[in-house]
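One chain, chain A, appears in both complexes that follow, with chain B as partner in the first and chain C in the second.
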Partner chain A sequence: MGLDMDPLLQAWSYFRRRKFQLCSELCGRILEKTPLDQAAWSLKTRALTEMVYVDEIDVDQEGIAEMVLDENAIAQVARPGTSLKLPGTSQVGGPSPAVRPITQSGRPLTGFVRPSTQSGRPGTMEQAIRTPRTAHTARPVTSVSGRFIRLGTASMLTNPDGPFINLSRLNLAKYAQKPNLAKSLFEYIFHHENDLKNALDLAALATEYAQFKDWWWKVQLGKCYYRLGLYREAEKQFKSSLCNQDMVDTFLYLAKVYTRLDQPITALNLFKQGLDRFPGEVNLLCGIARIQEEMNMTTATECYKDVLKQDNTHVEALACIGSNHFYSDQPEIALRFYRRLLQMGVYNCQLFNNLGLCCFYAQQYDMTVSSFERALSLAENDEEVADVWYNLGHVAMGIGDVNLAYQCFKLTLANNNDHAEAYNNLAVLEMRKNNIEQARALLQTASNLAPHMYEPHYNFAALSDKVGDLQSSYIAAKKSETAFPSHADTQRLIQQLKQHFAVL
Partner chain B sequence: MPEVKSMFREVLPKQGQLCVEATPTMVLCKPKLLPLKSVTLDKLEKMQREAQEAFRQQELAQKEQQPQP
Partner chain C sequence: MAEEKILMIPTVPGASEPRKSRLKKAPELPILERRNWLIHLHYIRKDYETCKAVIKEQLHETKGMCEYAVYVQALIFRLEGKIQESLELFQTCAILSPQSVDNLKQVARSLFLLGKHKAAVEVYNEAARLNQKDWEICHNLGVCYLYLKEFGKAKEQLNNALQLNRHDLTFMMLGKIHLLEGDIEGAIEVYKRAVESSPENTELLTTLGLLYLQLGVFQKAFEHLGNALTYDSSNYKAILAAGSMMQTHGDFDVALTKYRVAACTMPESPPLWNNISMCFFGKKKYVAAISCLKRANYLAPFDWKILYNLGLVHLTMQQYASAFHFLSAAINLQPKMGDLYMLLAVALTNLEDPENAKRSYEQAVIFDQCNPLVNLNFAILMYNQGDKKEALCQYQEMERKVNKLKESTAEFDPEMVDMGQKIGAALQVGESLVWTKSSKDSKIKQRPPTPCIQQQPLGSNQALGQAMSSAAGYGKIMHLPTGGVGLSQFSKPPSLPLEPELGPDE
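Take a look at the complex of A and B:
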């Protein structure tokens, strides 16, 4: 190489090509020579931020502490259709648990997971504590900041000389007066260091310096308040920011605040206001659809279709509509949506598993097994492998090969020992072989692991009824009734038992 | 062909002893479509995996250093 590139230009080029590690190292070398080079310093903060950047709008995790000690609840029992917390109180018309599996929180299984759908708001303390051991996809974290702090310490470990910027020695007031540096510094503190107190200080000073006219700083203040759990303060900042400048992001942040405050109707109205300003905005439309889905409304699919009219490659909308069709007995149509996702380049275990299931139920048997094989080869962890084997078990049941089904469910449990559905289905197979004791043990395990599912409770009730243990049968049937009030067989069983008891 | 059709008529007895037996069977849990993951979730999980890997490597390195002195 005869000509050497100017190091700063090269660093900038690395940054634009998203080679953040190289960029950060090069900036470090420039800073060793000229420690006061502001351009290199700012570029390095940006590179370090980009390495750990996640979209703040999507990040939304509720820890146990936040869920159980909720100070923002206005009423203990919300009116029907006004709360996200009690799916039972929302409008009727959601899918029945006899057709569509439900999650820990009592909502129908969704077609798409985001960080916020993971927590799943358990209703009681007991449930909240039990969750981490039961459902992999509905895992609450002990505290909101937990994951970020862990990621923060990890990034410190990788820098043996200590952190790049020593925040406690920083004169924030000085930086707040330099708008160009302050913004990248703020993002660094917020995303990389996760030091909310300093980030808040910097944002407060900077917005003061901008004479409270800069919408960007107000949004950042709101983000800090939101992370700190001060939702009303966050709401004020976001609203004030919207007075300065209408931005889609701000609408989304504000809606996030309302969702956390459990005011879905306000959030829906806000989205409608946003749509007046930005007609046809995909993110706003998608926000409406998400809230409707969480409230078990049947109109959610319509909303997702609106999203697809604006953006026909929207993965979330395609996946949600697909799963909705599958569970409303139209696997052929679901197959078309999942095939579309495959054409778009989505290539993972979940998609192939869904394709396999849809193919099987749409009677396209040639593709079924190869899809599942591919799903197994693409699985990233044991839980995913377990889920694929579980579904293969269903395929085996469908073709009548009970031995294969038995082996599939056993393999599910070998990969994920907490798979309640597999325990339940194994118990049903054991009952067919008349192994009553084994079936009973499996059902007990299943109902302990997943008290929200009605199947193990009902099966246990039916089994106990058969062997004459009426008291246990009644208790289990009652549990099944709470999990799924309109289940006809449960009600018939309870009536029978009541007659028995009356005769006694 | 109408004669053939009339040959096969269902028989629904209205008199005598009737026995209707509906045996409730045990229920299987339903097949489970796996939800796709959002980009953010994917990235968060990837970052967490990498952080754990870095942590483990550092621990290994420390263990290797300790017994020598």
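Take a look at the complex of A and C:
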């Protein structure tokens, strides 16, 4: 083409088509020519921000320090059903641990893992350090939420000639006077550089300049406070922002603050308020469902159904309802939900794994093995491979082929050495072969790896009881009872043992 | 007494003044044993915390020489499950007074609870040397020998114990030994004696009922189970056994009401769900039956009876692929059963694989001794395949079995009689006089006449009887005291039971 486009127009067009790399390079060239071009400068900050942008609502990561050392909840011993921190008392309804696997004591496995998924929390610092690193959140737990800092440094490394903006040399007060520049600059500082202090300074100056009338700046201030752990200040900002303008985002942020303060009922009320303003808003409905899922499985399913009525391609709702049906004796219906996900173009290891399981338990034998094969080929890391082999082991047990099951569980362990369920099931298979010592060793490993699972404890107790070692049996049975208090067989065993201890 | 209480309760937290006043009152008590009565009082009231405080004080005062305080401390430790600590304390007691039989007995008991049965036997023997006439020593020796698998000695000791003092526990252990040796008659004798001496013990009544059930003496079994249920209406074992008996006689609704009681206490029990589903099956509610069975199978994937019933229900529903799947799984877990191979063959016939069906029937004929249905179905298959010679051969085998069964007054399924007559006619062996009990002759006309459809009704309806008996058998086997390990459930999709040992039958 003989005629060249205006570079700024082209950069803008790149930005609108979300070609951020090209856009930022082009802006860089414009800025080399005319260093004082504010439009190009602002466009480049926006492109750089968009490259690493993660929606702040979904970034909710608690490090070990926040879980253990942070004391934001007001009530230490809340009434059952009013707290997210007491899983044993707050969990009502839904299938028992004998049917549905649990992650940490009391929380059933969820159908959809979000970055903010926290299933149960450790009691003490020591316990938090000893348990596997992915046991509480969707990613490995760090000491404080230090990932944000890492994010910033990592993105800087990609720029060969150093950072684009040197924050320490900016005169924030000057930029706060120019709302057009200030907003993109704030987003850059917050999302790209992760420099909370400077972001907060800028936001404070800007909101002052806007005479506290701009809801957007208030939300940003609240976000900064939230990140810094000042929840009450954040709450204040969000509330005052809601006075200026009703926005779905603000409701979600405020609910996030309340969740962190362990006030689920307040959060639910807030969501209901939000739904009055925005009837049928999917994110609000989904927020209700998420909170219910941590407290009451049966209501959660109802809430997720409401979500599906509004948006019938909502992946989270589909997955949660599907897993709920699977664990309440309806694998056929679960299969339909997962097939819906497949039709929507979701294509990953977990989905095929679930499809395989549903097919097997719904007696659709033609699809079972091929689904698992697909899952194996799509697995991205060793843990996923291990999980698929583990489920294949269950299928093998379903067809009565004990040797195949044995091999499958061995493969699970080869891929993931910390797979407590596989240790437990291997132990049961060893028991069937009468290798008592081996079974005991495996069960002990399993119970060390996953103290929240009742099965290895109970099996160990039953085994010890059989060979006559009643002390070990009693200790294990007690642990099993704490993991699953209403387990009838454990109760019976403990009663028996107590009788042994009492009579001469 | 009341006075004493009022006086003594303030001493408990360890305030020294009331103690001194007490000292003045009774200065003649020796210092070592001074407060044994108080320790004892707290112990028998299960007030362990206070008891421990008093013990600690007493031991501190006497520098550990108070034997009774150590003894009770050890007992409390044992109640808390700390057997190792209690063993050490009892050993201290034994050192303090080496001639006391009680101390030796307690040391041995602790060893027994720790699983060190040989050492326990040695200590008990020592204790027995000090006191010949103690039933506890004999009883515990017997139990130790039981764990060491020396049944002869165990029986001897337990009989000694019974002669000294009749105790329910001793009877139960003796019965257990008989069962481990496979001697049901002997066990029944033992339990009969036990029930005579304590007729209100539900445990004994239930076990006796189950043993009668195993022998097929239904009247007595029902009597004893009924007695057990009168004393304890929510006894899980008795409910399951009584329910399975009702099922055998076709009282499905009554059995279901019984199970409803048990389902509240044991919501995750595979045998219970198995029996419930067979009730539904009997009432021809097949879908409900399948869903109950699948729950049972989810909770106990290694239980071949549940798999067998699943296969059977799917055969009835004419879903042959699933039926094949469950039956072959059951065969993998229980390879030596004729009925399973027969049902597998029926499934295979319908899956259009007559070759394998034939091989499966051959296996069934090898393993099965008394079920004429196997041969009948085999004969039908061979007839449909055109192999009349083999069909005739199987038909004669069936006649032989039928004749044998008739001597033991078995009643035949009318459908089977019907089909047998038809195949007999087709094979031109005449309506031989095998089925003289043809009170249900009229039914013959209602049956579909074409031989091709024969197999489905064949497999199904008679197999219903099978399912019932298998459900009944379930109750039996599950609750024999021989299967020491109960069921456990696992998370993640299915659950794995630590398989209960199979009883002597089947």
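Note that in this section the second predicted complex is superposed on the first by the 484 of 504 C-alpha atoms of A that agree within 3 Å, B and C clash if a C-alpha of one lies under 4 Å from a C-alpha of the other, contacts with A are read in each partner's own complex, and residues count from 1 in each chain.
Everything that follows uses one rule, which is that a contact is a pair of C-beta atoms (placed from the backbone, for glycine too) under 8 Å apart; a residue touches a chain by one contact, two chains touch by 3 or more.
Since this is a predicted model, take the numbers as computed values, not measurements.
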Exercise. Name the contact category of A:315: first (chain B only), second (chain C only), both, or neither.
Key: first
Discussion item. Between chain B and chain C, whom does A:232 touch in the aligned arrangement: first, second, both, or neither?
Written reply: neither
Should A:346 be classified as contacting the first partner (chain B), the second (chain C), both, or neither?
first
Contacts of A:458 with chain B and chain C, given as first, second, both or neither: both
- request: Mind working out whether A:213 is in touch with chain B, chain C, both or neither, as first, second, both or neither?
  value: neither
Worksheet item: With the two structures laid over each other on chain A, which partner does A:469 touch: chain B (first), chain C (second), both, or neither?
Response: second
Just chain B (first), just chain C (second), both, or neither: which does A:502 touch?
second
A:277 in the overlay: touching chain B, chain C, both, or neither? Say first, second, both or neither. neither
TODO: For A:390, select first, second, both or neither according to whether it touches chain B, chain C, the two together, or no partner.
DONE: both
Residues on chain A touched by both chain B and chain C 98-101, 357, 361, 390-391, 394, 397, 421, 424-425, 428, 431, 453, 455, 458-459, 462-463, 489, 492-493
The answer for chain C against chain A in the complex is residues 78-79, 81-84, 105-106, 109, 112-115, 117, 136, 147, 169, 265-269, 291, 294-295, 298-299, 301-302, 304, 307, 319, 321-322, 325, 328-333, 484-499
Within their complex, chain A touches chain B through residues 52, 54-55, 58-59, 98-101, 109-115, 118, 137, 147, 150-151, 154-155, 157-158, 315-316, 319, 322-323, 326-327, 341, 346, 348-351, 353-354, 357, 361, 384, 387, 390-391, 394, 397, 420-422, 424-425, 427-428, 431, 453, 455, 458-459, 462-463, 489, 492-493
The chain B residues in contact with chain A across the complex are 24, 26-41, 43-44, 47-48, 50-52, 54-55, 58
Note: in the complex, chain A contacts chain C through residues 96-102, 329, 357, 361, 363, 365, 390-391, 394, 397-402, 421, 424-425, 428, 431-432, 453, 455, 458-459, 462-472, 474-475, 478, 487-489, 492-493, 497-498, 500-504
